[in-house]
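Same chain, two partners: subunit A is paired with subunit B first, then with subunit C.
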Partner chain A sequence: MKPRTGMRLVLLALLALLCAVADLLAGPALSPSGVWEVLTGGGGTVERHLVLQLRLPRLLVALGAGAALGVAGLVLQFALRNPLAGPEVTGVTPGAVLGAVTASGLGLAGWESPAAVTTAACLGGFAGAGLLWLLAGLSRGDAATTAVYGVLVSAVLGGLTAMMLTAAPGQLGSVVQWLIGTTEGRVWEHWHFLWPWTLLWIVLAGLLAGPLTLLRCGDEQASAAGLAPGPARGAALVCSVALTAGAVSAVGALGFVGLLVPHLALAVFGADLRVALPGAALTGAVVVCGADAAAQLLSRALADLLDSDRLTLPVGALTTCVGAALLLLVVRRRPGETH
Partner chain B sequence: MSEPEPLGITAEGVSFGYPGRPVLRGVDLRIEPAQLVAMIGLNGCGKSTLLRLFAGLLRPEGGRVLVGGRDVAELSRREAARRVALLHQAAPQVPGMTVRQLVRQGRYAARGPLGMLREGDDAVSRRALRDVGVEDWADRPVDALSGGERQRVRLAMALAQDTRVLLLDEPTTYLDLRHQLDVLQTVVRLREERGLTVVMVLHDLAHAARFAERLIALRDGRVVADGPPQTVVTPELLAGALDVAGRVGRDPEGGWPVCYPDHPLPIEK
Partner chain C sequence: MTGRPGARLRRPTAVRQLLVFTALLTATALCALTLGTPVVPLSELPAALTGGDEGLAGVVVTELRLPRLTLALLAGASLGAAGLVLQEALRNPLAVPEMLGVSSGAALGVAAPLVLAVSVPAAVEPLLALGGAALGGVLTLLAAGFGRSPSAVLLTGAAVAAALQAALLVLMVMADQLDLQIIYRYLLGSLSARTWDEVTRLWPWLLISLPALVLCAPVLAVLRLGDDDAQALGVRVHHARFAALAVAIVLIAPVIAVCGPVAWVGFLAPQLAHRLLPYADAVRRLPWAAAWGALTVAVADLPARLALAPTETPVGAWTALLGVPAGVVLLRARRRHDPSDGGPTKGTDAPVRTVKP
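== the complex of A and B ==
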């Protein structure tokens, strides 16, 4: 590893720490000094509960989900050789949401059982990716065609999710969180499931670094060099769907994170996956945690402005809005580079 | 590095086709070890398909292809890639990848999936960069290179496979004359230095006649001419294999055949 890339990883890790601190301090009803008091072992029961049982797990879940989405997107873009691929636009995220919503609508899973939700989200994610595969042929079409089919598949899956919501309106309140993506009310249970799951699949994605790099050179070159593209791509998809499903079941569908974080990571770290994969994990963590802190601060500002203390801005709304703007930049910057 | 023994290729009654379109109809060939062979023929005559069958990338419908005595279709993808390297005609862009990274990808079959995680390139990748003279720009991004430079880099990636057999599918297409000669002379030199068995598909009959020691012409999935360019390149070959009326002379200095194509022949129905 070159010293410069090592330095960048360290800087990014520091940035993640900074975002984490900001996220910890950003919430309402407790001053920074109050948070510090709790962290150093003091504070009252209410303050301790607020920091240790609500803010800390929420912050960790934001970091973990961001890392999972960043790596999921990078793996997907390498495996499909498509810079416009992301879990959100290949049917994986909307499929995972549909899976999670269906499972909880049928009473098979709920917010409080992350493992069951993740399993359902995985199944949904595979179904979504499978649907796109049937329609577009994941590797055959050019990037733009696949993206168009991806939007189509996502719309269909979103429609099905909406039908599930109408069929089971009782679940509406908690289920809507999956649609936008929020870190509100994430507790230790979510974190305890999320981190080993995410770590496992990121390590497996790391083991695929060699085949993924070769896949990027095109199927013909890859197979001439000794890689069977089909199985390698399949393994990468499994990794990507599992990571996305983990993130979706923890925080819901955070718009554009999986699509755009890889672009940031590749711009900073280059195409060497040995650095770019941990880089994408860190970048994703920074982005989601930073967005969560920003969303909380904005919520407080808006609440003050509108004089309504019930107003909260979900982090997913923020990533979607900022992400849409960034996506425009990405598309405009590389009009010809669709492969 | 690999065993010094050169490998030959044997095609025994090889046929191959896509639904409703037969491509190869019973090809029998023996490519001797360390031979430099050029294949010519019209578009769609089956020459590129034959190269893919030689590399084990396609499985013949009938017959078999032996590389060094082993049926290449029975080998795993990695085993086949340790014996045969194939440079495809075109390759997609590889945004962000440097020359060194791309060439190192040629080591995949030798190192295995986890070997790619190790830092640094080994002696073979460095030699491949040197072989085609690109070590000076090893850290430049591939996509920033010119077409000729990129072709040399891709040749280096194939050479990094360190195989005894090198297959080239139209390696000079899209290159200017200077870079065409550059690539072909590199291939000739490497074959002399290392005893590589080289089969290349060429569209340019002048290059084929000049650089190859053996020329194979395909027509409609069959071998219609096979031999040293001195004897094979005739007006009859131009007409029979390439649908072109023309004359054939000799290079005044080197003595190899030179073609003067005159006009395309009318298509027979």
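== the complex of A and C ==
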């Protein structure tokens, strides 16, 4: 590891810390000094509950989900040799949403049991990726074609989700928040499930760094170097789907994080996966946590401005809008490279 | 195109297609009018239709099922024709309203006043939808550089659509539980509880767009030759694309204002028309795209009404479920059949990029 990349990792970690502090302070109804008081052991019951039972788990869930999505996107892009292969555009995220909605609609899993929801989301994610594979052939074809087919797959899965929701309309209100991605009301149960799951799969992704680098050079080079491309790609896909499913079951379908965070990470750390993987995890955590803080501040400002207290801006809305703008820039700047 | 081997077969194919289409349409219409609660037997249908039946069956058929069927046919025809116009103008079989931000923009225009509790007269709703659709479509086209590269158009459109969807979801989060149900149903495209009022709100718009369609169809046939050739023949390509987008928006927005975004009809119907008339040009394919679009929505409305009765499922979910796979299968068959013609990104893309402005 070069000293410069180490420096960048440390800087990024500091940035993550900064975002975390901002997220902790951004919520309504408690002043920064009040938060500090609670963290140093003082404060009243209400304040303690606010910080320790609501804000802290919310912050941790945002960090964990961001890390999971960043790594999932990076692994997917390397495994499929496709710079446009985020979990959102390969049918993994919509499939995971469908799986989770179906499971809770059939009464197999409640929102309070993260393990069951994650399992269902995993199955759905595999189904979505499998559908795309049937349609487009995941590793064949060029990047943009696969992305376009991914949008079609998402349309079908979205239709199925809509069917499920009209069949069981009672849960619509809670699901809508989650369809766009929100960290509102995440508690310790979510975190207790999220962190071992994410850590496990990120470590596995780190073990796959060598094969993934070979896969990116192309199937022929990979087999010449003694790697069986099929199983390696399968393992990488499993890893990516599992990470996405964990994040989706915790915070919902956060738009564009898994697609664009890997690009940021690659731009900062270069293509060496041993550095880029932790880099992507950190970048994802920074992005989601920062977006969460910004969303809370924005919704406070908007609520003041419009004088309505039920207005909350979900973090997913922010990531989707910023991500869409970034994607427009990318497509516009390099029209040739997306072919 | 007289040199193609299929040209000789054109006439019998067209006649057979007309027969098949009429048979399918009749069957669908009969199902739509008779099935449901109460079931109206075929023998009583003429009496109910002509107003001879004053009882429940007569009212149900003339006041509920007939307007719904009419609306489905009108909406489907508009969406199918608009899909064909967009696809031919951008020379891209995947350039459908859903992919270009047009549908999401129109839906946003209609849903925003609903959530913000601003009461809007029914006559203004199509205008709001029109504004939203124009916003989405023009944004996509401008950001993608007027469709020089097909895949850039689609990716830009996907990004624009996602941003508009996010805005919609924010609105939905703000809405209360009852509004939410209404908006969600609307957003999926629904024909439930539509009466003659909605039909009368829709058809004047179709009257406006019909002459525009007739005027733009020959230009579409020229655009298909490629930007260079079209320019050589005296078509200003950017203007023509914008005009085609405008025609498509005028077709789509009123439908979305009345029924919600009935998804992916504009993808499936032109594919069907292409499949069944492979060598025809845009002028001949346009009426067929409209016809198959009408049939698609009418057919999709049957399961929407009956599958989970008495709960209605949104027709837009059914058109997405049936339309996307069928459209993709047709598209792949078409590319295998004629590799020079339209994949999502391939085809006539390469020569276009060498044009120097």
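Here, the second predicted complex is superposed on the first by the 336 of 339 C-alpha atoms of A that agree within 3 Å, B and C clash if a C-alpha of one lies under 4 Å from a C-alpha of the other, contacts with A are read in each partner's own complex, and residues count from 1 in each chain.
One rule holds in what follows: contacts are C-beta pairs under 8 Å (C-beta built on N, C-alpha and C of every residue); 3 or more make two chains touch, one makes a residue touch a chain.
Computed from a predicted model, the values in this text were never measured in an experiment.
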Residues of subunit A touched, compared between subunit B and subunit C (which is higher): C
Subunit B versus subunit C as contact partner of A:Gln221, first or second or both or neither: first
First, second, both or neither for A:Arg274, with subunit B first and subunit C second: first
First, second, both or neither for A:Gly130, with subunit B first and subunit C second: neither
Touched partner set for A:Leu327, first subunit B, second subunit C, both or neither: second
Which of subunit B and subunit C A:Val156 touches, first, second, both or neither: second
Touched partner set for A:Ile180, first subunit B, second subunit C, both or neither: second
Residues of subunit A contacting subunit B in one complex and subunit C in the other: 339
Subunit B-touching residues of subunit A, taken from the complex the two chains share: 1, 81, 83, 206-211, 213-214, 216-218, 220-221, 223-228, 266, 270-272, 274, 337, 339
Residues on subunit B engaged by subunit A in the complex (per definition of touch): 55, 57, 77-78, 80-82, 85-88, 91-98, 101-102, 105-106, 108-109, 111-117, 119, 154, 157-158, 161
Of subunit A, residues touching subunit C in the complex: 84, 89, 135, 142, 144-145, 147-149, 151-152, 155-156, 158-160, 162-163, 165-167, 169, 172-173, 176-177, 179-180, 182, 255-256, 310-314, 316-317, 320-321, 323-325, 327-328, 331-332, 335-336, 338-339
Footprint of subunit A on subunit C - complex, ascending: 94, 98-99, 143-145, 148-149, 151-152, 154-156, 158-160, 162-163, 165-167, 169-170, 172-174, 177, 180-181, 184-185, 188, 263-264, 308, 311-314, 316-318, 320-321, 324-325, 328, 343-346, 349, 353
